[in-house]
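Several structures are given next for inspection.
Heads up, the next two complexes both have chain A, just with different partners, chain B and then chain C.
Moving on, here comes the complex of A and B:
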């Protein structure tokens, strides 16, 4: 997932990428319950790798490596009693896994059918309630920079970006920006690459001037996404 | 082995037969990591051992060194598992090792996975509840710990005592959402709950859980976790309007806590459901109550979500069952 994204960001035409082996690998990595593990050596399996598999399939324009029906089954089975998604069945709903679930559904073209009516409304309710000033990932936890991406992009995918209190979010992000540059997860915390990236994303989602718009489902810029479309237009799509 | 005693592999005579393999970062590495000497040394020998596929005690010790410099190296953990098998290592000792590493990096995915594999092979989960309890003692919301604990409970059917454990955690922090989630998990997956349901019917279980939720809600009426639990329990009995006990208690609480957001939100849901249930225009009063709650939330009680409460107001106005 990150390798393909990096290549696209750098403007590569993916001619050096062997697509078939990647797709074949995905087939090996999806489990019977629909989720995916990370490596053939064996690893934990959860919503993160399912998302990666969906993103990879989407970028390569080839879904033959993933059983989408099973994938949707795993996602819906991971709905928690409070209407958002955990990493797996029974687990606590979490902003990261919710993003992975919602983005995966969007990439698979199943968002409107899987999250319609009441389900969509209740998920919206959970998502907007993750905002105190900035956003947090689980009920009753403190705000953390990166959820300005995970939660807000989920809202955007559901067509509800405008429900965010931009001023509060903006204000919070400024408190986690450090004197060294970059963002930490909490105010007064040292910066790291993950929170710095998602801090910038947080501003991007609020249309901060000077930042390239994001393709939230793939988590790359629209510029990189446009480049991907151009690359794939020269490639016959696989059904 | 303390730092003072640690001998680099290149200086160990028993490893002189092995040539370390350098990492190949390509001709123009971008943002190359500044590995320590200790790191480069251990990994160089590890790459050599991987190439030759050596199964030996010294290779096993080497995996310990690699994990020491990077406990997230999943290739190393994988190789270590191969060696555990090939050398018929004592899995209880391995569990102790996994615990030692786990306590120092409680959010490391590879360690938790390794632990699960060892426990699976041992088919003995005796240490798992105490271990996860220790981890949760440091961080009561550690997601890995809860995930591992749920796996143990299900896999080994160790449900007894879990509800008490949840009670203890909620006594410490009634807003521990992970603990609330665990309660829901136990109620819905353990045999005991099914038995209670069989004995007293699903309604009895639900009533008990509603009472449990309200006991905690009354102590902290703005606690979103408890309200989410309540709503989760009542889901099967939608429309919400149907549960008289929950509605009554909520309405009473609203008299003394007029600004508890999740309480008002719950009542909004109740009145909205009431209005929906009246198809012939008899829902006007409920709709009015729902609108009032939206206005209150939007205007003063929960202004961060003003746009959301606006959205809810819009939905109330637009719904097919609303009077024109």
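Moving on, here comes the complex of A and C:
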């Protein structure tokens, strides 16, 4: 996932990428319950790797490596009693896994059918309640920079970006930005690459001037997404 | 561990204000970090080189042990250890006692690593493999480990997830786990992870809750739960955990509308 994103961001035409082996690998990495693990050598299996598999399939324009029905089954089975998504069935709902679930459904083209009506409303309710000033990923946890991406992206995918208190979010992110650049996870915390990236994304999602718009489902800029479309238009369609 | 700040910047970490360091001390610290990073990179290179040669010796295990002690998230090293141990355990000449010994040693290493990073996916995942493979796993000790780490951080979902695995393997009664969640909630009403776990256990321990129609048993359970939740709401009114659990309970107590009787009067007839 990250390798493909990086290539696209750098403007590569993916001609050096062997697509078939990647798709074949996805087939190996999806488990009977619909989720995916990270490597054939063994790892835990959860929503994170399922998202990666969906993003890879979407970027390669080839869904033959993933059983989408089973994947949707796993995702919906991971809905919690509080109407958001955990990493897997029975697990606690979390902003990161919720993003992975919602984005995966969007990439698979199942978002409107899977999350409609009351179910969508209740998920929106959970997402909106993750904002105090900034956003946090689980009930009763402190606001953390990166959830300005995970939660706000989910809201955008569900067509509810207007429910975000932009001023509060903006204000919070300014407190986690450090004097020497970058963002930390909490105010006065030292910066790291992950939170710096998601801090910038946080501003991007609120249409901060001077920042390239984001394709939230794939988590790359729209510029890179346009480049991907151009690359794939030159490829023969998948049989 | 979080990054060290560059020269001359004071930073508050976990509420302790660091004293501004002189340029000299910072330069020395930077040098130390570079040496440390270099050593670690060398270690990773060693692990990968041995792995690609298929080395299954004690020396390889030792290199991996040093590597994960420095970085518990180094998946490759854990997977490599698993490959070596798996091939040793699979040898028909390997006695069960040796397998047990190997697993115990692995658990000891894992415990040291999880102290360093209680939220490492790879550490908890590897521990699961070890207890799964062990001929005589000590489930009581595993539960004790979970108790300890949940005392340190009641929201550590890695630990909660591992606990659920242990409970399944050790056939711990749902009823006992329900009691455990009660104990955690009594300790601290603001324990969302405990409330969440309770939400999965309650319907299993009291299946009466799911039977449609009026039933006294289900009603009693719900009333007790509502009382617990109310206590939580009074004690910590700003905490969302109890309110969300309350809303879920309300959803459970709704009786679905059921058609009892459908009739049609003959044309021209009137109800007497």
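Please note the rule applied: the second predicted complex is superposed on the first by the 238 of 239 C-alpha atoms of A that agree within 3 Å, B and C clash if a C-alpha of one lies under 4 Å from a C-alpha of the other, contacts with A are read in each partner's own complex, and residues count from 1 in each chain.
Throughout what follows, contacts are C-beta pairs under 8 Å (C-beta built on N, C-alpha and C of every residue); 3 or more make two chains touch, one makes a residue touch a chain.
The structure displayed is predicted, hence computed values, not measured ones.
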Combined model on chain A: chain C and chain B, fit or clash: clash
Touching partner for A:11 - first (chain B), second (chain C), both, neither: neither
Touch count on chain A, higher of chain B and chain C: B
Which superposed partner A:109 touches (first chain B, second chain C, both, neither): neither
Touched partner set for A:132, first chain B, second chain C, both or neither: first
First, second, both or neither for A:190, with chain B first and chain C second: second
First (chain B), second (chain C), both or neither touched by A:180: second
First (chain B), second (chain C), both or neither touched by A:168: first
Colliding stretch - chain B into chain C, listed as 7-15, 25-33 or 43-51: 43-51
Common interface residues of chain A - those touching chain B in one complex and chain C in the other: 38-39, 41-44, 80-82, 87, 90-94, 129, 138-141
Footprint of chain A on chain B - complex, ascending: 74-75, 78, 81, 109-110, 112-113, 116-117, 141, 143, 146-147, 150, 154, 175-178, 181, 184-185, 189, 223-225, 228-229, 231-233, 235, 265, 304-308, 311, 315
Residues of chain A touching chain C in the complex: 38-39, 41-44, 80-82, 87, 90-94, 129, 138-141, 179-180, 184, 188-192
Chain A-touching residues of chain C, taken from the complex the two chains share: 2-6, 9, 11-13, 75, 79, 82-83, 121-122, 124-125, 129, 155, 157, 160-161, 164, 190, 192-193, 196, 199-200, 239-241, 244, 248
Touching residues on chain A, where the partner in the complex is chain B: 38-39, 41-44, 80-82, 86-88, 90-94, 121, 124-125, 128-129, 131-133, 138-141, 160, 162-165, 168
